[in-house]
Amino acid sequence: MPGYAERVKVFGIYIQGDPIGVVVTTGGIRRVIEFRAVTKRFEDGTIAVDELDLTVEAGTITVFVGPSGCGKTTSLRMVNRMIDPTSGTILVDGKDVLTVDPPTLRRGIGYVIQQAGLFPHRTVLDNIATVPLLSGWDKRKARTRAAELLEIVGLDANFGKRYPAQLSGGQQQRVGVARALAADPPVLLMDEPFSAVDPVVREDLQNELLRLQAELDKTIVFVTHDIDEALKLGERVAVFQTGGHLAQYARPTELLAAPANDFVASFVGRDRGYRTLTFLHADVPVHPVTTAKLGERVTVTDWTLVVDETNRPKGWLSGVDGEVEVAEKDLISGGSLYDGSTLRGALDAALSSPSALGVVVDDVGAVTGVVKADDVIQALAKARAAGEVPK
Amino acid sequence: MTWIFENWERFWEVTEVHLRLSVVPVLIGFVLAIPLGWWASRSQTARAILFPFANILFTIPSIALIVITPVLLGVKILDEINVIVPLAVYTLALMIRSVADALSAVPGNVVAAANAMGFRPLRRFLTVDFPLALPVTIAGLRVATMSNISMVSVGALVGLGGYGQLFTEGYQTDHTEKVLAGLIGTVVLAVLADGLLLLIGRLLTPWARAGR
Amino acid sequence: MGGWLFDPAHWSGTTGIPVRLAEHLGYTLLTLLIAAVIAIPLGAFVGHTGKGGFVIVGLSNALRALPTTAVLILVVLWAGLGDFPVYVALVLLAIPPIMAGTYAGVRAVDPVTVDAARGVGMRESGVLLQVEIPNALPLIYGGFRGAALQVVATATIAAYTGAGGLGRLVFDGLALQEFGQMLAGAVLVALLAVLVDLGFAGLQRLTVSPGLRPVGTGGKR
């Protein structure tokens, strides 16, 4: 199959001669999902989704977030007709999904669910090849494609022969993503895919998804009850309220800066000011710092940062009298490192450092200087004045 | 059905025998299965010995066990003990596994909590483990009772009592009604016994239905 | 006591042990085949749709309560002697465990797995045949092997109405007061039951996906 670059077309959008944006597409298969006055009432009378109007932009990750029973999962499952709406219309790429026979519709839409839902009786490779085989690919081509995907989701080739029970939760979920991507569907539905794995693995999977999306440019609808996950992954976030109402549909920064009502405000959290820092680019001055290497003899007057051979931070040395030899046992371990991206990273680094100086590192992890908490607060004040932070 | 009403006394007589021949072995087998099942729930060795042994007992056809028992025990072929012993053996074979599974399924944290509160082993078994194991145990008891009630009839093939006598007599005299009467009796007895055990189970384990 | 069993004279001729073994095995295998053809689709369908579960459970229990001897005699009285009554009685005996095992097996498949099967675009037939049944196989085999043991043991009573099988040794021995022959019959039935179970255990190993074995035996982690 052609590489990504060959499939991409770039269109400029101009208004009166001024470029206002570009649309990137993979071979003209960008999809928009539209919910038009969609209502779902279950047999017992509960209203899961109430008059939902919403447009999922093509090529974005759109997150549906809300407490349980808010209709986010029902909304997602109506897109591939796992559930049919009571009234209203859902269009994928302008086509009413109710006019397509469900199995055919589903083969064209990737589907990832909580706990992966892998077929326990099939090997990893056969699990991934499911949709291509259902769509009538020949066996060898499907297997080759499956092996390719295994690599794309970051699993070693020897995982292919294993069975799901022999995989960890995180690995199973990678296979789940691979299975959804196997037939290269333009739309991906993800229903709480990372909820069942531990926090460390979850963060890995989230980063992996962002990396994949940067490459694949799919239209992804992602359901979660975790607001942090929503704010991290979503280009657009739809906050659902109990009873199936859409409370707000906006970019994460807007959601934090201007919650539409009390429900959204409390759902995004009282600490939303702090969360906003995640989305602000830091304009914080980096100060030089005194460094020393292990084993060196130095005179330490103030906080000194100890680094290894490649200039990576090892820990801090507090002020001592006279000349000492820098030894591992004397080190005070440091806080988080700041990679120069967001204001939140800068604040975290400064606040968690024993010296109150946040260590700044470059992309290979080498020390470039330090930031001070005072500077971060000042940058924050500037952003607040500019209206980028909720008051 | 008319046969039953016309020959009520005879029918009642075989019913009594059938009931005795199926209930007594269940009781014997069950009582013996409790200590053995408990042993199997605690020891790998016990399981390795008892389970295969129980499986093999199951494969011996009941008619064969019934005709072999008098020779092994040195009693007459028409002694009721020849049905009671084999059926008790089947019940035992089935219930060892039921009791063992039921006791193994008692949640470990409950047992740990009971130990932590200072229960001594016997008291813990009687007041914690065994009551919690009752639902699974009673399920096993229902299966054993049903199959016993059905198997007692086999004894008639060698001349013993119970509904089976109606089968063999009906067969020899080409009397379909008589066979049907025995069949109806067996099924009704099985359904009643099953219902009774179900009821006992519910009364003994009120917590099992709470919170549903 | 073992003399009867090892007397070469009893190992040949049209009423010899090999013929009785073959007859017994024949009853068993054909019974299981017929019962499986009836019980597996029924159990699977009800398990798949989730509707009518009480019918399956009720039917299984009612059939379990039927005394096989009575069924055998009734069918003989109605239809005459021969193998037909034997098959009716044994099939009715074998259906409940196979049907219950299949139903329980299909119901026990993780709903998440079934949801995923529909979600990737399988049709209902695909969900049942490619996902639910393969995953239900361990429990289906459980019911089937239980039925096999019961059928091997119970096929013995076929001889009461003059049919063949190892039951002949038991009933003929009883009539002739030949304990050795009765014992030989009992031992051979038990032996056959063990062999039949081993055979199906082997078949189970060949046909059930290694992915469904308890974790730790399917390969290294």
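Chains: A, B and C, in written order; residue numbering restarts at 1 for each.
What we mean here is this: a residue touches a chain if its C-beta (ideal position, glycine included) is under 8 Å from a C-beta of that chain, and two chains touch if they have at least 3 such contacts.
This one's a predicted model, so the numbers in the text were calculated from it and none came from an experiment.
If the chains shown are joined wherever they touch, the resulting network is a simple chain of contacts running from one end to the other without closing.
Of all chains present, the one whose mean CA position sits nearest the global mean of protein CA atoms is C.
Looking at B-C and A-C side by side, the one with more C-beta contacts is B-C.
Work out the mean CA point of chain A and of chain B, and you get 60 Å between them.
Inter-chain spacing, taken between the CA centroids of chain B and chain C, is 21 Å. Centre to centre, using the average C-alpha position, chain A and chain C are separated by 54 Å. Note for the complex: chain B touches chain C at residues 56, 58-65, 67-68, 71, 146-147, 149-151, 153-154, 156-158, 163-164, 167-168, 170-171, 174, 176, 179-180, 182-183, 186-187, 190-191, 194.
Listed in rising order, the residues of chain C touching chain B in the complex are 61-62, 64-71, 73-74, 76-78, 149, 152-154, 156-157, 160-161, 167, 170-171, 173-174, 179, 182-183, 185-186, 189-190, 193-194, 197. Chain contact summary for the complex, chain C toward chain A: residues 110, 112-113, 115-123, 126, 131, 134-135, 137, 208-212, 215, 218-221.
Chain A makes touch with chain C in their complex at residues 80, 82, 102-108, 111, 113-123, 130-131, 134-135, 162-166, 179-180.
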